[in-house]
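In the two complexes below, chain A is the common chain; its partner is chain B in one and chain C in the other.
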Partner chain A sequence: MTTDLKRSPNRRPLQMSQLGLHLLIAFLLLLSLIPTVIMINLSFKNGLQYRWERWSLSLPLRGSNYLSAWDVIDAYMINTVLVAMVGLAGVLILSLIGGYVFARMRFPLREPLYYAIIALLMVPWVLSFIPAYMLYNNLGLLNTRWALIIPNVAGGPIFGIFLMRAFITGIPEELYESARCDGAGAWSLIWRITFPLSLPGLATLSVLNFVAEWNSFLWPLVTISDMSKQVISVGLFRLSRTTNDSVDFGSGGPLFAGYVLASIPLVILFIVLGKFYVEGLVESGIKM
Partner chain B sequence: MSSAQSTQTDSAPSGRILWRRMRPTTSLSWRAFRRSWQAYALLSPIFALLIVFVYYPPILGLIRAFFRWRPGVPATFVGLDNFVTYFTYAETPHELVNIVKLLVFGLFAGIVMPFIMAELIFFVRSPALKELYRLLVIIPMLVPGIVTVLLWQKLYDPYLGPINDMLRAMGLEQFALNWLGEHRIAIYAIMFVGFPWVWGVGTLIYLGGLGQISESVYEAAALDGCTGVGRVMRIDIPLVLGQVRLLAILAIINAITAFQNILVLTDGGPGFSTMVPGLTMFHSAFRAQKFGYSSAIGLLLFIIAMSGTLIINRGIRPANEELRQ
Partner chain C sequence: MSMIGQGLSRWGLNSPAARRNITGYIFISPFILGVLIWFLTPALTAGWLTFQKWNLITAPRFVGLDNIENLFRDELFLQSLKVTTVYTLVAVPLGLVLSFFIALLLNTRTRGISIYRTIYYLPSIVPAVASAVLWAFILNSEFGLLNAGLRAIGLPKILWLQEPEWALPALILMSLWGLGATMVIYLAGLQGIPDVYYEAAEIDGAGAGSKLLHVTIPLLSPVIFFNLVMGIIASFQIFTAGYLITSGGPQNATLFYVLYLYRAGFLHLKMGYAAALAWVLFIIIMGLTVLIFRYVGSMIYYEDTR
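Now for the complex of A and B:
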């Protein structure tokens, strides 16, 4: 105890309280992880095991549940990845261009135009949900993948421009000066200088956007009626409702295996880009 | 592409100085706009998409809230009828009570729990463990939202659900209820989803705020004997009010407009016990084809959420910025 006091420069809580702190954090984390653990455990059980030994680990693990799950949800997974990736590409390009224009170019009405975009962050989706459905209906876009891609490409840059403008403002002006001396135009200033230097910002934006797309549920639920074009959230929702499926999908392990499979793209995303996401949130000191 | 350089207003320093000098008289002149054609050209695809798909729908919704509106039928103006219908509907008071319950709970779960978690992590002394905890709080976010809700539905299952399994194992048979199927309990069961509500994003936002508090503030406080819980109450909370305000606004908008969990878990049932206005909006559009009525409810929710946002914005005033780094 005393040595610890000496080591700490300012007298923060002592060793015992540190231990209590770790236990409390671990306890809260464990509680939040219980559903996930239950999901993984159940994903390896057959129908009988699911009925009679839900709590214990059933050996041998039935890995084949994952194959039967994949057979049912593969189209949903691929659709969602496709729609999310195409949308994300559009969002990144438009946010980079918009962020550059508002951060680095001077032109009349710059600030009013910028605030006209940022103000849209304040419009809750509930006001536009119903009329947007009617708009897509009138444009004949219902039940096409465009109905899933366009809202993201059109709406994603709102926050994207906000984020990228702040990020691009932080790039040293000297870099732009010297590139202009070499005769670079706006297009090459964006692609040769801004793009490589704003990769961390684009990574943060990618995580946010992809997670939002992967989680989108209500909009695809109402706009896509053809299940072969449907996304993973709605697919899993429908499957959880059908219990008389041929592989008893709804009742036993395969359904939970499907839940685990649906989480894998997000796991991969966070392994690759999660660092940017955490740092983006913690270090920006975001507040209102 | 680079041939356009000469017309770009921010291209050369001399050009910018010239533009500044001309600014008082010509900043909004036709010439100034023409010089900046490149900026407008770059922004045009963004604004084209925004106007059609982002600005137009809410404006259309504002107008059509006063219409009878169905697909394939010309809309007819009905004045305030849609609003009158909603407010005279027998279930409306019940829906509003549910929203108040969800709001009170949402503010607790969205503001208090992430703050407790952030403080716990902030008090950790080892930098390596701090970093580890920061990563671990986002693990629940790796499970898609719909999966979390569907999982909780399984947890609540009266016969096969782990919650009732556990209660029976502890000999509390009489408490093993049909959580989502009982009038009185269902709304609370819906709130309980996501327990202990240690929300990764909220926790990280608070950690960002706490990390910006200047070390000298803490040193001064420690000299005055202000440590531990006292420090949290008197220093940390006033200095993260900016974050509190952001999370409060998010929690209010979410509590008032979100109905996805309810749609999945109970669809408003049993009876009407878990109905909320958002779900009525959804049902009246996509089951009853009453899009005008539905837009009116959307407009009401927008007004309520906006008022809540404004109240929070006025009510929570962040402490002095000088105490930050």
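Now for the complex of A and C:
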């Protein structure tokens, strides 16, 4: 931060161009906030307000929309958190180990193998979509949570290894040297040295993976028919397609309250991990 | 571990070098196995399915190249390819430039940057399904906010989601609210540029424009390249917006490739045909990536070549 101040020592208070810059940033911030603000505004409306005062702020705010929404989506939220967390744990472990293997270990055909894995990033997921559906069907995994966890654990580390390898390459070799002199094996090099130093990289991976899981839509839509095991994306989708008599979802307020509720875990995740998330991106120095 | 050691010595692989070699493979094998079983085998099976006719109910029947021949006679296939290509050609460059620009703006301020970052990230955090419904509202021709805004400044209303020529631009406009992730990646790249480069440029009398051109962009080119490649790969697989907001319409103006593939497979139960579509998509993405790596990759400046 100090260096940044040094960069422009002749900064005059409120230069015209500076003022313009601030206005531009404020304008863009406002613009980017519009959908979020609309969503929150709609979430507090009752049926009449929703019908006649859709875009303006209208009082009184109907907070009970959130209770109605939670009653319907709580199971979806819990399911998604569960499935995403278990999957994420697998992704993090495999990516950390894989990243270490390709950044630090030497073995024949390491580079070709690494590039083969990175090339998988180009394979569209729809390529495996239909046969994978049949595979899960034949193994009796359709309509189980495994159908949601396994694809993430299997596919997630492809990008994860790419990210973690870049990150782990940046860890000073001297740390490994001295640990090796103390007789540390590969396993303890991973868990005692690489893991604690890779936390920002793992945070980055966690945010990206969790957001992707939270938004995963088509796969759960086809593989999970039992709504009690369904995830939030499909839950919200069903919600917006059905008018539920008991909680007047047709009126929209509770529906948007549901959207707001469904966004909260990701907002919390980003606020908690945001700093590390960016740090991880900086230090991995993303390059292809 | 000792059991592994015994096994290794039995195979005559207990020399330190060989042991180290094997450890690498052992460590990576759970991942490799997972990818092979759950991802690559299905992908290759799709290759086999390409030559079959299969409706999920009766047994697959070999039909040779029928599926592939049918592709090029299928107007909807060509339409979906066109829609996806146009979307990619417009939305990806537009998004890259805009998010780069915003990242530059945010990088000039240090105080409160994490709050700005979060605010810009917010629209990308809202679940895609929610944001799709929300945008369907904003774009609605009768009660939508966008048309209300147009009316307020005296412009005629636009049938965003009913007119074939407006539907795709509307979805591209909407995609600009999902740039948070790309922007944060740029921002991270910008923060990774050491100040000494800027100081050196200033000593040489460089202005803001020439610093941008000769310091920022070259040093950031690997990040730009990364965003370009990932952006194109993701854009060719776009599905949710077309499915939820427009259902591919009006008049197939937003029939994205994966949406058409999904319909061929799960609506019309033409699994072989859908598999052929998937392979064509893979070939397109791979071809594009190879082209980008060859023609753009050479312009990328890498600080340390490993």
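The working rule: the second predicted complex is superposed on the first by the 259 of 288 C-alpha atoms of A that agree within 3 Å, B and C clash if a C-alpha of one lies under 4 Å from a C-alpha of the other, contacts with A are read in each partner's own complex, and residues count from 1 in each chain.
Everything that follows uses one rule, which is that a residue touches a chain if its C-beta (ideal position, glycine included) is under 8 Å from a C-beta of that chain, and two chains touch if they have at least 3 such contacts.
Note that the structure is a prediction, hence the values are computed from the model and not measured.
In this superposed model built on chain A, chain B and chain C take up the same space, so to speak, and clash. Of the two partner chains, neither chain B nor chain C is touched by A:Arg192.
Touch criterion met: A:Thr169 reaches chain C, while chain B stays clear of it.
Of the two partner chains placed around the shared chain by superposition, neither chain B nor chain C is touched by A:Arg145. By the document's definition of touching, both partners, chain B and chain C, reach A:Ala154. By the touch criterion defined above, A:Leu121 reaches chain C but does not reach chain B. By the touch criterion stated above, A:Ala184 is placed in contact with chain B alone, chain C being left untouched.
Shared interface residues of chain A (contacting chain B in one complex, chain C in the other): 21, 24-25, 28-29, 32-33, 35-36, 38-39, 54-55, 94, 97-98, 100-101, 105-108, 110, 113, 117, 120, 122-132, 134-135, 150-151, 153-155, 157-158, 161, 185-187, 211, 214-215, 217-218, 222, 232-233, 236-237, 240, 259, 262-263, 266-267, 270, 274, 277-278, 281-283, 285-288. Within the complex, the chain C residues that touch chain A are 1, 20-25, 27-28, 30-31, 34-35, 37-43, 45-46, 49, 102, 105-106, 108-110, 114, 116-131, 133-135, 137-138, 143, 145, 148, 177, 181, 184-185, 187-189, 191-192, 195, 198-199, 202, 222-223, 225-226, 229-230, 233, 236-237, 239-240, 243-244, 258, 261-262, 265-266, 271, 274-275, 278-279, 281-282, 285-286, 289, 293, 297, 300, 302, 306.
Within the complex formed with chain B, the chain A residues making contact are 8, 10-13, 18, 21-22, 24-25, 28-29, 31-33, 35-36, 38-39, 50-51, 54-55, 94, 97-98, 100-101, 104-110, 113, 117, 120, 122-135, 137, 150-151, 153-155, 157-158, 161, 177, 180, 183-188, 211, 214-215, 217-218, 222, 232-233, 236-237, 240, 259, 262-263, 266-267, 270, 274, 277-278, 281-288. Of all the residues in chain B, the ones that touch chain A in their complex are 1-5, 8-13, 16, 19, 27-28, 32-33, 35-36, 38-40, 42-43, 45-47, 49-50, 52-58, 60-62, 64, 69, 71, 117, 120-121, 123-125, 129, 133-148, 150-153, 155, 160, 162, 165, 195-196, 198, 201, 204-205, 207-209, 211-212, 218-219, 222, 227-228, 240, 242-243, 245-246, 249, 253, 257, 260, 263-264, 278, 281-282, 285-286, 291, 294-295, 298-299, 301-302, 305-306, 309, 313, 318. Contact residues of chain A toward chain C in the complex are 1, 3-4, 6-7, 21, 24-25, 28-29, 32-36, 38-39, 42, 54-55, 94, 97-98, 100-102, 105-108, 110, 113, 117, 120-132, 134-135, 150-151, 153-155, 157-158, 161, 169, 185-187, 208, 211, 214-215, 217-218, 222, 232-234, 236-237, 240, 255-256, 258-259, 262-263, 266-267, 270-271, 274-275, 277-278, 281-283, 285-288.
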